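My questions will all concern the structure given below.
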Amino acid sequence: MNAHNHFMAARSSTDEADVVLVGVPFDGTACFRPGARFGPHGIRVWSEVLETYSRPFDADLEDLKLADAGDLPIPPADWQKASPVIQREVRKVLERGSVPILMGGEHLISLAGVQAASRVFPELVVIHMDAHMDLRDDYDGNPLSHATVMRRILEMTGPGSFWQYGVRSGTREEWKLSEEKGTLIEDLGTLHGIVGERPVYLSVDLDVLDPSVMPETGAPEPGGMSFPQLHQAILACRGLKVVAGDVVEYCPFPGGGGPSGAVAAKVVRELIFLAAEGKQVL
Amino acid sequence: MNAHNHFMAARSSTDEADVVLVGVPFDGTACFRPGARFGPHGIRVWSEVLETYSRPFDADLEDLKLADAGDLPIPPADWQKASPVIQREVRKVLERGSVPILMGGEHLISLAGVQAASRVFPELVVIHMDAHMDLRDDYDGNPLSHATVMRRILEMTGPGSFWQYGVRSGTREEWKLSEEKGTLIEDLGTLHGIVGERPVYLSVDLDVLDPSVMPETGAPEPGGMSFPQLHQAILACRGLKVVAGDVVEYCPFPGGGGPSGAVAAKVVRELIFLAAEGKQVL
Amino acid sequence: MNAHNHFMAARSSTDEADVVLVGVPFDGTACFRPGARFGPHGIRVWSEVLETYSRPFDADLEDLKLADAGDLPIPPADWQKASPVIQREVRKVLERGSVPILMGGEHLISLAGVQAASRVFPELVVIHMDAHMDLRDDYDGNPLSHATVMRRILEMTGPGSFWQYGVRSGTREEWKLSEEKGTLIEDLGTLHGIVGERPVYLSVDLDVLDPSVMPETGAPEPGGMSFPQLHQAILACRGLKVVAGDVVEYCPFPGGGGPSGAVAAKVVRELIFLAAEGKQVL
Amino acid sequence: MNAHNHFMAARSSTDEADVVLVGVPFDGTACFRPGARFGPHGIRVWSEVLETYSRPFDADLEDLKLADAGDLPIPPADWQKASPVIQREVRKVLERGSVPILMGGEHLISLAGVQAASRVFPELVVIHMDAHMDLRDDYDGNPLSHATVMRRILEMTGPGSFWQYGVRSGTREEWKLSEEKGTLIEDLGTLHGIVGERPVYLSVDLDVLDPSVMPETGAPEPGGMSFPQLHQAILACRGLKVVAGDVVEYCPFPGGGGPSGAVAAKVVRELIFLAAEGKQVL
Amino acid sequence: MNAHNHFMAARSSTDEADVVLVGVPFDGTACFRPGARFGPHGIRVWSEVLETYSRPFDADLEDLKLADAGDLPIPPADWQKASPVIQREVRKVLERGSVPILMGGEHLISLAGVQAASRVFPELVVIHMDAHMDLRDDYDGNPLSHATVMRRILEMTGPGSFWQYGVRSGTREEWKLSEEKGTLIEDLGTLHGIVGERPVYLSVDLDVLDPSVMPETGAPEPGGMSFPQLHQAILACRGLKVVAGDVVEYCPFPGGGGPSGAVAAKVVRELIFLAAEGKQVL
Amino acid sequence: MNAHNHFMAARSSTDEADVVLVGVPFDGTACFRPGARFGPHGIRVWSEVLETYSRPFDADLEDLKLADAGDLPIPPADWQKASPVIQREVRKVLERGSVPILMGGEHLISLAGVQAASRVFPELVVIHMDAHMDLRDDYDGNPLSHATVMRRILEMTGPGSFWQYGVRSGTREEWKLSEEKGTLIEDLGTLHGIVGERPVYLSVDLDVLDPSVMPETGAPEPGGMSFPQLHQAILACRGLKVVAGDVVEYCPFPGGGGPSGAVAAKVVRELIFLAAEGKQVL
């Protein structure tokens, strides 16, 4: 078989898996550079360059039951049609007792992910790693956009259940709202005391990384993290009960071929291990 | 001033111009490769590599009143919002007595262009140059798409007022419909007898060209025309009264930089001369 | 499921298929630009941009039983190990009564394909479309190379059962040998009289196309065919009994930006129809 | 209007502006990779991906009067003609009481900028951030080159009014001269004591950044700053009276794919705020 | 030795060679896209993908004495310094009795080539293959530019000794001048009668090819020749006494991915054979 | 002469040189992305962007006798033929008393380098900087591969004479073996005590750098060193007696043109100085 049709080592069926990867090829509200619809495919291709074993987790994907559900059959730019399909899939995975990890696609897909997860886990806490606030009330009049998605999520969870990390860009209004609601967290280590045993949704917008590390993204913002810094941030979440998550905004260049795909795939791999630890199957 | 903010030699105001270029940065229904939203900008940049003088027309853009209205302020992937803005602009230009030429953007924008033009010119004839039929009734359930746009237009104009040239790809159903309605024309020279003095809307999907000539497009289909063949097709329309038109589906690569932009810009230039002849201002 | 794991519309099982696509990710003897190992994958991805319906054949892939056997598990640069795997697979497909079409990979894979096919069909005729002679006796001392493959095949079939089309480059010795053996054919239409009902293996090295049409190949040679010319050559083979074939030397650039993949996929599609006609399942 | 014809939020007229951006499309002495002539245009396009609000300055471009004077009409490779045009423009902007920020273009343009500024401000201090010394006496016999520009400027200002930061490459002679003249400064914080209220020209050669951060430059030198380090260096200049400046050596690849343009645009944005603070209009 | 330091098979010393290749890395007056300075290097690298044997000439580079003099030591953008170096080299090669073929570099280098050749051969005839007239009197006030080079050459040779082929772009004034002077020739076969035994300088601007065939050039103009058409044009010059020539305006993209380099190298190869036939050393 | 045929300033003959650069264009066992065969050429081209003077070493290549032996004449994917050629060359250089530095090529070439060096220096110590362990016993059944090369070398040297630095990826088995044998060293400063005056072979796999710094490599692994960190590691080896070394896995993109080549060339330059210090010719 062609090795590119699933993430490395994802050989379980979705029925029995501990963790289920779900491709979400949507980029309908991207305003600078579309193409994140090709992200899931790129992540699968580049996953081959990595090992299945992670040194910091001292764990191997082969130790897990990992499934790749493929790409959801959604129109890449019609949110009204895409959103219910995503929600249905996430809910189905959660109700089977598995952890869904969405491979985007643009950031708006997190809204569907969180909506579904919060129905199954009403106590859900959301952790958001990103270069951008994504807290606008609307974007060009549109309340449902990659630039407003976290405002909508904050409205769902309320303050205290929504934490942002790595943000370096926003409008004055977004920074003000963030301060009022206390959304920014500087030391992820303090999260354990706050969150405790509550279920966590972890959303990683890859543009939290510096554009040198992650050039192939929809809205690169200079001044971000190095890969080791993001890696540390993910490891700082060990001990939290991550029940769902997403990795978004990898937007492969048509002719680029740079290693951004390896970066995205490695973040997905580490999220798998994080979730598996939370589920105590490691 | 930065030379890239308008098409070469487009220095007239839109009020007094013979021909008005309108950028339409929309690519919401692209299914394989989005990015045509950057087409208008790319056309302007690459226009600089060309001369303002066209040998076959023996005419110079400096002889005309040419305006570049810039890009329409539309969301790049929300057709419900974009369509009325395009229609309004096209109608405004037509009512001033000018010829609008839309620089796409994806092919769905032709629908708005034709809708507006047919209100001003009820006798409108549409000529469609393309690799693809674009005659599906719906695409993934969506009746408004780059793949259905000519079906919608055919429904508006009826057979006999809608002509297709250069098509080489379609479903069996599209080919059948095309035959039933008699939409294909092989010798453009015969159009003059058919169309006479009726007003013409000319829509050029750049993928009518072979992908070797026009690699930077949303759905490249091998086996198309050379540039000289398309050039001859445009020249074969001399004598027709072209009142509006569009050049669509130029989708610049982020990192490509190939000369597809020069191709798109040269097609726009020749359409300007064609329209100006039709308006008898040359 | 991820749509990229098979060629478009290849949904049959390999057991029951009329035509079986086989990915052969080998590029071990490429001397200028390696990477053809990624060819099969690129062909599958780009097949999505095409229709399943071919106008010249008036046939649809959905009318056929088409299977995609995926990529063979071979080391990409070790011919001693790769060759028996390829031969075994081709033979297995042939013995089931299906037509194998190999998606390369570099041109040396044709040797394994022809070896297997000639065991099942001792009367095999080979048709070779290529920019290059590939008739050297050895290349840097190596008798098994993309540059010697047709010399080895000619030795197997003997003159009169080996025909070359489209060649424009070779050493003086290769041209001389070709003349002595009478391998070149200028008018493919004359093949029907020569070949009659004998089984045919059709090998298409994509560099037979001009580099403008097919830039992503291992050894681009300026001065080749346009796509319509190659298309006509394939159509000129209608009526021959094509029992096996290959499409080789598509060497995607990292990232796979250009439309060479669409060209390769369209050649594969037309070969499928050619083979299906030969098998009288259309 | 096409959004790409000016830097984001630059809507003031040049007559009334606090800060005036000036595009200087010159790259005549580039020796490794030309193309910086396209830098100003790339900066404008990429500025759109950024916010107008800067968190460290807690300021918004909308709070300022910012103008974009477009590109100067200069031949891209003829310094004798380009130099007086640049000097005239810089002087005109300064005499109106505005701060000019040049968007290069290659580094030689700083010479014209400093010449003009030092006529208006005889006490001018120059701060030079760069990977390279640029202190050669001549380069291939040419005394006016990107590799000699700072030697010429040092001759104008004399030691004590010329400071270099971030340099990591030079000939032995350049390092020796730099030591003799004491041009290198390691802690920018000490500049305030040295410079006081004297007017400052700040020249940022973007290759001071590591090539991973800024690959699209004429002479990439491995081992440079991260973006946060350069950002800190700019912020360390707060309190100085920056009366003019430039951002040079952004050399977009054909097609402009990578995010180097976002880097260049963000440096320009932060220089605008730095200058506005110095002018006390923030 | 590194195989890339000379054109394939160029192993003779310059003293004894029949044909001498000279790299001229100059692009100082390029106005749209510089980079032709890297052309000679790219031609050498890509020459490896070709055979040394040419079928139409039935000749092998190994049959000749071919030298590669390397790149001339000139500043890439200073014509006053570059011009005498080029002239001196061309004259030296000619005076030794060899044929110089310049590998550009931009088109202005032809001026130096023709100046030197016309001193040695006062009866020199110039044949110019190009997309552009290059007949402006000045370009932005500069009389020495890629856009004026053929005007200067026409002034040297006078009408009747200067022939243009393949031109498809120019200003109205250039077309008018061309008509007045009768510079255009449509059928190269008629040249033999006109030129007879006079010495010929053949200048090939690669943009005479369509941009699909030759995308990597400074000013791509859609609508040009296919490679076979240019090949025929060169072969049509067999029998003329070509004493010098150049191949210009190959402008490799950073990285040099596309096969434009193979195109340029093949044109150089065929010019070598053309010159060798004229010298009767084949 | 064409400047690209040798590393900058490498003008000595191989007979008299202190340090001899040897190009090894081999990539036969690359499994993800081949192309390292073009590495030596890319390093030579990019070396031109650097100075010959290194500040940390306070030394200039012009102070040394440096030779560039060009590329070895080896088939790029046949290890049985390539290995003895590499070994012979390394041994020849060593026996002349020079230091060979191999420019790869993929990592398997280190095996031939170490085999040759350990014959001349039986007490050889190997230092290995890499992202990957390369300690597998076999890879797809092949014991000689880029993924097994350090296992083979460890078997030759035994523990205590083989040190790894910068590794961040491997299988569980490789990490276990590494621990058992104690191959990892965290503080290179401690090496001096361990190694003393024994001769050292230093192998630098460029993927030890983060993919942001070195995207053009065969198997990019996110999370690596910055350039300054690698630079420090090399400087930490000052005082060791480096008798041979290699720089491998630079795999230039066909169309990328990024500055990875400058990175590779700068590492080679610093290794030259390191070796020259060890030889006490600085």
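We just call them A, B, C, D, E and F in the order they show up, numbering each chain from 1.
To be clear about the criterion, a residue touches a chain if its C-beta (ideal position, glycine included) is under 8 Å from a C-beta of that chain, and two chains touch if they have at least 3 such contacts.
Fair warning: this is a prediction, and the values are worked out from it, not measured in the lab.
Between chain B and chain E, the least number of touch steps comes to 1.
Listed by label, the chains that touch chain B and also chain D are A, E. Rotating chain C by 120 degrees superposes its CA atoms on those of chain E, with the angle stated to the nearest 5. In this assembly, the chain whose C-alpha centre lies farthest from chain B is F. In the contact between chain B and chain C, the residue numbers used by both copies make up under half of all numbers at that interface. By number of C-beta pairs in contact, D-F leads when D-E and D-F are compared. Chain F has its Cα centroid 40 Å from the Cα centroid of chain C.
Between the Cα centres of chain C and chain D there is a gap of 56 Å. One finds 38 Å separating the Cα centroids of chain A and chain F.
Looking at chain B, one finds that residues 210, 212-213, 226, 253-258 touch two or more other chains.
Only residues 32, 168-172, 175, 210-212, 215, 219-224, 226, 253, 255-256 of chain A touch chain D when the two sit together in their complex.
Those residues of chain B whose C-beta lies close enough to touch chain A in the complex are 27-31, 33-35, 37, 75-78, 81, 140-142, 253-256. Remark: chain B residues 48-53, 55, 58, 60, 210, 212-213, 226-228, 231, 257-259, 262-263, 266 touch chain E in the complex.
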